[in-house]
Amino acid sequence: MVRECCIDIICEGCPVLLVIDERRRFIFQARRGAVQGSDKGVLRHDDILGKEYGSRVKLSSGIEAVVLRPRLMDYMERGFRRKTQVIYPKDHGLIIMLLDLKPGMRVLEIGVGSGFTTAVLAQIVGDEGRVYSYEVRKDNIEIAKKNLEKIGLANRVVLKHRDARLGIDEEAIDAAVIDMPDPWAVLHHLYRVLRPSAGAVFFLPAVNQVQRLLLALGLHGGWVGTSVYEVLLRGYEPRGDALRPYTTMIAHTGYLVYARKVHMR
Amino acid sequence: MVRECCIDIICEGCPVLLVIDERRRFIFQARRGAVQGSDKGVLRHDDILGKEYGSRVKLSSGIEAVVLRPRLMDYMERGFRRKTQVIYPKDHGLIIMLLDLKPGMRVLEIGVGSGFTTAVLAQIVGDEGRVYSYEVRKDNIEIAKKNLEKIGLANRVVLKHRDARLGIDEEAIDAAVIDMPDPWAVLHHLYRVLRPSAGAVFFLPAVNQVQRLLLALGLHGGWVGTSVYEVLLRGYEPRGDALRPYTTMIAHTGYLVYARKVHMR
Amino acid sequence: MVRECCIDIICEGCPVLLVIDERRRFIFQARRGAVQGSDKGVLRHDDILGKEYGSRVKLSSGIEAVVLRPRLMDYMERGFRRKTQVIYPKDHGLIIMLLDLKPGMRVLEIGVGSGFTTAVLAQIVGDEGRVYSYEVRKDNIEIAKKNLEKIGLANRVVLKHRDARLGIDEEAIDAAVIDMPDPWAVLHHLYRVLRPSAGAVFFLPAVNQVQRLLLALGLHGGWVGTSVYEVLLRGYEPRGDALRPYTTMIAHTGYLVYARKVHMR
Amino acid sequence: MVRECCIDIICEGCPVLLVIDERRRFIFQARRGAVQGSDKGVLRHDDILGKEYGSRVKLSSGIEAVVLRPRLMDYMERGFRRKTQVIYPKDHGLIIMLLDLKPGMRVLEIGVGSGFTTAVLAQIVGDEGRVYSYEVRKDNIEIAKKNLEKIGLANRVVLKHRDARLGIDEEAIDAAVIDMPDPWAVLHHLYRVLRPSAGAVFFLPAVNQVQRLLLALGLHGGWVGTSVYEVLLRGYEPRGDALRPYTTMIAHTGYLVYARKVHMR
């Protein structure tokens, strides 16, 4: 578990994002006596303990780098152990908006993967909120647990090694994120545990899954506002004198289907 | 100010989103004796007071509708008074992720517009957080104030009718959103008030502004991680038997430029 | 029928694109004594007869305009009578590349609509090529015929008021464009009349049609290189001092499915 | 030079596209006694000479493959020697439409690269058309020459090892494609040699180049219809039972700027 670190100063145990250049970025916890290696030189942790985040430091090679407080997005890129493809920040952003996520909410998650989406949800709901996360694979649970502990969010998450298709324990859920191949199989359980008017987002890689879910939502009859989205994020080379989009981009992660619970007819 | 309403039940003063069909959506506060009109029939507020959000109701015409708790996104579409083009939810989502927004943060906003971005920031930072919002136009301040009061978020926001180019009062800011035509004019003030390692997102409609900002960030020397993005959101007709993207889409709102404060060389 | 007009000079009967400004564009044939009206003033045809294409002219109001030789794309925007949604130039371009269209080819078209795609095909195959176009609706045939005559391409096209699902007369077809809701219903006929190794492009608005066609192509067994595309065209406001994408764009016309005929197993 | 091959039959010297699977695609000329190797087995050319394009063949390993007539797009992917980044077929398609390319046209090209765009232009203008191609680098000229000979289009192209900024010899040009870093440097020559009303497309990778060209076109005063485009091509995994976009895509090749010559004021 990460200690609550002193606001702006890097202390023993504080998480650090070391940026040497665009490609060389490392995340670690500062530990007296430890070192962080790279092909551009070594950083002695002792050189940054007691310094401010945002400081410039020198590697053993004399090359300059900066130390930053890692954001969730930085963890996603560098610091998370991962087994499966995770939802991307471009999608998380829209999920937050669609579900109207805010502090204090009780959120249900089905399909945890490496726990990155879990972390995003836990960060937003805050200490008074709670995330209930169902996952059928034991190895994913272990990875997610480690990842959440690393960033100090584990206390807001109830990780459950359970198949949500067999039932969901919680009630009065404010919002749900469903990342599983056959979400129609949990639709009745999901409906029961959501508070009326609450929304769910389903993440689905293939068109066929979207179609099947839309049919299931329609047949069920207790959902409104059903919408389907995909988010495309385009990055640019950040050069004022030669601005241009990067040559390649992620063209597809998955489709987002949103729907809200209402009373049955 | 909106009363803290009873969790799931529509009470006097509670905000309501009435959905008759895709095009007919209304947001209002429930008031005993009041009515909500539409070309498809009239809703008597008395018919929904005491009912659950998510209920189905009958209009005077016999047509069925549903009543929902409005999300911020619903307010943006229907309930906000607006004078200028606002940043879209597709952009807000990425802004939240880029800035690692979370409860308790102190956020700076320059350029308030109708207050929608302000509301998004205020919703995420929660009651312990604070949003400091600078705006040069008096009429925008008035509109934003009304909008924020309507959704019960005004107490988390300090609206300032001030030109941030002349100075920023706050300190130890955790994150900033800058929506003004000439952000380079506030760069030095912004740098001073941000906590080290904290990030800022600049929203800019035209390429030329992005280029000029990139040059200014580079010349200043106290920023890293500079990135430029655009977010494209594509919606689909939600029909399982005839799925297809909507014919038209918003192709451009603006570019997002992100950068983080580090120590000067 | 359009006379073969004198290379660069506007003669009696020559097609003219009059551009007053971005929104005021007119296509007509120059006729001695005729006038072209607009809310910005009137153009007397006599004022342009004998002048070069590319000339600047004055309307009755004194406002300046230019006269250009219309391209197919200009006809599509202004000069074509239309009943149904046409495939867009962004799609035509890719179709030309996928089918390797060139002068002298014999092209099959199923689904003529207003004849715009027909015109594109006819323009590329030249005088030695031929386009065979099947269309079930009589009114579409009439419109397409008029449109093709207007631009002088009718002599390269054989318009057939026939249901291609009942059979196709031609043989040794070099390339095919299929724009109908149920292309799987012509697959066997299409296969028979294509030369081996020749390709076909299918235009389909909905995802479900694409899926069904893919299954049909697979079951048939005589096709390779099957690919599915969508083309997104993004326009920018052409201002060097304030470059930005247009706010809205056409997000979807249809999917293009390409496949090539090979011997059956 | 490629012999004019017998319509549908693979003869000595005919170009062949061998497709073993999605990743294993080879282009070669059929030669008695020759072999085409691959890690999946060897193809003896003698096994396909005299057979129809579109035939299924067995490799030495017993694995089945098909032989096709290569399209220009296939050459681009497999058969062309290349030194520089070429314009992509997605862009060529729009270029053909914007310039209204057709048989018999006289087309100017500045910036030849590996000759792929040259080939596209030459294929469309046919035997009565002509492509005049300027290129400053000798090695590009050599590569383009070989590539054009390989596909039998060299006779329609006049390759010029010349700097177009110093002047253009031709006149009465119907259309132009300009792929060079500083197109503003040829604008006056280009204007002079284009027929009035004819169009030019400029291919530019960076935003800054687009801005500078737009300013130059405006200052010159002899151009109308100026437009800026980018083409995004999105491919899908062609599986009816699990349709989804490919994960990555080419997000950027370059911007296309189109303008037409008119009389100076």
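For the reader, a short list of remarks on this structure follows.
All chains are identified by letter, namely A, B, C and D, in their written order; residue positions are counted from 1 within each chain.
By definition in this document, a residue touches a chain if its C-beta (ideal position, glycine included) is under 8 Å from a C-beta of that chain, and two chains touch if they have at least 3 such contacts.
The shown structure was predicted, so the numbers you read here are calculated from the model rather than taken from an experiment.
Chain pair with the larger contact count among B-D and A-D is A-D, by C-beta pairs in contact.
Rounded to whole angstrom, the centroid-to-centroid distance between subunit A and subunit D, based on C-alpha atoms, equals 43 Å. We define each chain's centre as the mean of its Cα atoms; on that basis subunit B and subunit D are separated by 47 Å. With each centre defined as the average position of its C-alpha atoms, the distance from subunit C to subunit D rounds to 21 Å. Counting only residues that touch two or more partner chains, subunit C has 207-208, 211, 234, 241, 243. Taken as a contact graph, with one node per protein chain and an edge wherever two chains touch, the assembly is complete, since every chain touches every other chain. Remark: subunit D residues 7-8, 19, 52-56, 66, 68-69, 71-73, 89-90, 92-104, 120, 123-124, 126-127, 195-197, 199, 207, 210-215, 218, 224-241, 243, 255, 257, 260-263, 265 touch subunit C in the complex. Put simply, subunit A touches subunit C in their complex at residues 207-208, 211.
Those residues of subunit B whose C-beta lies close enough to touch subunit C in the complex are 205-208, 234, 241-253.
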